[in-house]
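Would you mind keeping the following structure in view while I ask a few things?
We just call them A, B, C and D in the order they show up, numbering each chain from 1.
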């Protein structure tokens, strides 16, 4: 087939970040999947709530302490998270390295608190449907934190390796920061559901 | 090519015959209203299908005339917009018709009779609750109702989800563990109407039939009176021996025969089993021979059902069948 | 409403209104039946109005000599908005015809 | 590596065609041999595997259907016992829905979308390879359990409590649930790839209003997958939790609810139908335009219809639950939505008819299948309107009427277009034409056999025959029609046999096709058949909706892409303005190992919850291997 050249793309960048990067869109698509999952889990929480004569079923309301501290910690982590994202955009390698170490710690800390959240429910997963759904909500979100923690750890190692100083890696750092924001935002409705709806 | 008019034609043919389990053989007030709606919708949809087919054939086979693309595009736009408009109207019409039927079916009076229907793998238990007295009686797989009266069925499940469906009388309604559903039946004409579980419920879903016997009020009252009585005490020697076998073997652990020591509740109540037309949820006609065959090996006739094989000698088997037969 | 979002009113507002109304249908019949109110009627026709609005907002962009893609998006939004307004009107008809207590 | 960096990058600028092809081929081709085949990330190779696998599952599922028809040909037949029959209809439904229909539509998307939008590979090609291995293993799980007489026996919607811990002993229901997890994982992965490919990898100039309709339909399909599959993910996981660690989601005695399962399942299950149907609608739009020899009539309304259908799909689920005893008013909202979806469906039919009317139809086999589609799908759509009515449904729900309805929708509405699509794109995929003569025979027998088999089921349903019965009693008036249906099924089967013979024969020895045998308008026909590993010698620039019909002097293309690394163009979402030259990952064996690790974890978790804990370690290892940069030129930026 005859071809005629009408466009020269050689001046385009060899990789771009943000909305010009397929990886960014991929991250968004995965967040949409997980967001749908969380929305559904919350809907099921309310569905079971609407059926139960008394909510929570056969259990006192959960203790607030661990969950609230965890929420505060997650919210506080937004600040360094956004900083890391900015440094990545500016391609400041040293700052990104430090930021990622901080973020790894900040992603690990909630896991320690989470250990205290499960007993704070005062119900086991196999006692009744209320126990099943709150354990599932906590479990789902814990998986999220663990996933992001591993991602951050691997990324931190990468930034200290010879592959670190690279637009793609900075893009990955940005996407990882975006994902952590999502982990935080997704927690807020879960926190309200788990801790405050039983007190209504 | 098959078409919906054949369906209609066949529909009328079928409704003529006495096939007792058919949507089109409607004899209950709900089923009659549903049949009207079904025929109306099928008629409208058949017409729509024919119109589309005419359009398809003419689009493929029409003579191509010389016409500028712009003009024919404009014509097509007008026709397509018209067709979309017509679709909107037809859809609205059918939707409103559907809402009307739903509404019409709701206007039932206060029922005169309430029956608790409890579905289990794979048979039906009916508990008649008399509003005038505290007396209740229990039967299985055969429901008697008086014609012309609203009968309220309270639908419960003993294990998995089942669905109560007697198409000649009403649409189906599920029986769901942990929930209670209501279905109102009103038979307009006397008859024997077959029904069947309509929600897949395991191995013997296929053999979970029931019969609704709609009869005149006097006939119904006579039947109910008979059901309220305790079981018959057999006089014939064979049946007496059969009763002894029943009490001595595992039978009494699962079945109730009121007036005797047998009070198991796992299986159907057998107090008046001799009066029923079929056994094993519509599987077999109720004769002495089929009773014996059933008891001899229930797993062969209805594989997977919950009645175990009880080893019996052929004499015991005959005696037991004779006893069952006298329990009218 | 910012101009950017307004372009997508048909795609966002109308299906959104429909989704919410459909979800409300799981709750409002119980409320209406218990309290004798008509919230489901109000919700359905309110949502239908919203959907129509969603269809009309991007409609304004037809005349302005917009670029091809913008016009495409605007038209798409109008059509989707109208489709969902139709669904909501049918749902509204249900609320008018049926008793919320009916099982 | 360091030397690589020093060498100046080689671009296609000014390269001779044959030299350019040599370089591209070197950069993009998979390495030869077994490990090369396992490691390839070429979307066409993976799509071909997907398609072949899906058709193998179609054959297997079809054989099960034949077994059921033999059993039902006579009353009280003893060909199958109830246990085997229940396994068979469950496996038939699950195979057809999860292992044939959804994967085959995704496979067509994986093959066609990158070619139709004019790019060199799908977005996230390694994820794509991963998704194939996952669905393959999921399918094997189901079928090995079937071979071992331990297949699921609870129906393809596995209602609790029948599938729950109390009434579903053994591991049968768990196998069903985990098989679902496999297929949803693979479907979600593909959906993400399609969304990103369509959003970001369209050829320069392919703005939103120039996207081929097939690509639009696949995009909407991908979004439905993304929104609907989490529901079934939740359903299958909680079912396994209920069975394995005694959670109480579905136990009414402990605050759970049997209907919760139905809500969650159908919230996925109804959109599922449109996941299957919308790609078919895209195929029909493509075939109708090509063989009417004119652009599609009503591009905008068609796009709107796809989108509206995709959204409405999420508001129909309760129409599977009209007889469970919900308030009638709430149910009627779903009647309204289910009825209203007939409007976008009608718009599609009318636009296709108008295209045929305005054009000059060429009656090739693909068009015949499309005509067959219109005839049967309209019936399926209209019976859909019928079951959308609450009172109508009260009589036909769970009867053979519904069996007839959904086969008209799924076979008439999706398999007919799919077979047409296979005849249409076979030359592109293999470089060879299928036989027109055999194609006509296949179409004739399938069309006739299908209608003779499934139309009478409407009548059986109205006569009161419930679905999922392994037998029926002789005194019921169903025997005659059932025998007729079983005999008709043979006609249908013979049509499929001819189709498969034709496909196999043509693959080996069909007439060579050339790049564009149908004189079609979309970009996949702008390259050789079968396309080279790099798809296009130069990335096209799109100046019209049918680039191949409107080219005046040759196809407009770009220059300036690097050829010594896997490079493609990333463009903006709305206008498709070029934004970057992005690299596409190289072949990798890690997706294969990741799929193996994931499968071990999923299958292990049928038996013990600890499998999730220990199984996630190898998964993490393989994922790190997958993503860790290898210092290739693709990693430069």
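Going forward, a contact is a pair of C-beta atoms (placed from the backbone, for glycine too) under 8 Å apart; a residue touches a chain by one contact, two chains touch by 3 or more.
What you see is a predicted model; the values in this text were computed from it and never measured.
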**Request:** Point out which chain occupies the most central position, where each centre is the mean of Cα atoms.
**Result:** D
**Request:** Count the C-beta pairs in contact for C-D and for B-D, then report the pair with the higher count.
**Result:** B-D
**Item:** Distance from the mean Cα position of chain D to that of chain A, given in whole angstrom
**Value:** 30
**Prompt:** How many Å are there between the centre of chain B and the centre of chain D, using C-alpha atoms for each centre?
**Reply:** 38
**Message:** Can you list every residue of chain C that touches 2 or more other chains, as numbers and ranges?
**Reply:** 86, 90, 93-94, 98-99, 102-103
**Request:** Could you list the positions in chain D whose residues touch two or more of the other chains?
**Result:** 257, 301, 325, 328, 332, 335-336, 339-340, 343
**Request:** Determine the shape of the graph in which chains are vertices and touching pairs are edges (line, ring, star, complete, other).
**Result:** other
**Asked** Got a list of which chains touch which?
**Response** A-D, B-C, B-D, C-D
**Fill in**
Counting only contacts in the complex, chain D reaches chain A at residues 11, 13, 123-124, 188, 191-192, 195-196, 199-201, 204, 226-227, 229-231, 233-234, 238, 241, 245-249, 251, 254-257, 260, 263-264, 267, 515, 526, 537-539, 541, 553-562, 567, 569-570, 572-573, 578-583, 620, 624, 627-629, 631, 635-637
**Asked** Considering the complex alone, what residue numbers of chain C touch chain D?
**Response** 11, 15, 18-19, 21-22, 25-26, 29-30, 32-33, 40, 68-69, 72-73, 75-76, 79-80, 83-84, 86-87, 90-91, 93-95, 98-103
**Prompt:** Which residues, counting only chain A, touch chain D once they are in their complex?
**Reply:** 1-16, 19-22, 25-26, 29-30, 32-34, 36-37, 40-41, 44, 47-48, 51-52, 57, 125-133, 135-136, 150, 154, 158, 162-163, 166-168
**Message:** Per the contact definition, I'd like the list of chain C residues that touch chain B in the complex.
**Reply:** 86, 90, 93-94, 97-99, 102-103
**Asked** What residues on chain D touch chain C, complex-wise?
**Response** 207-209, 300-301, 303-304, 307-308, 311-312, 314-315, 325-330, 332-337, 339-340, 343-344, 574-575
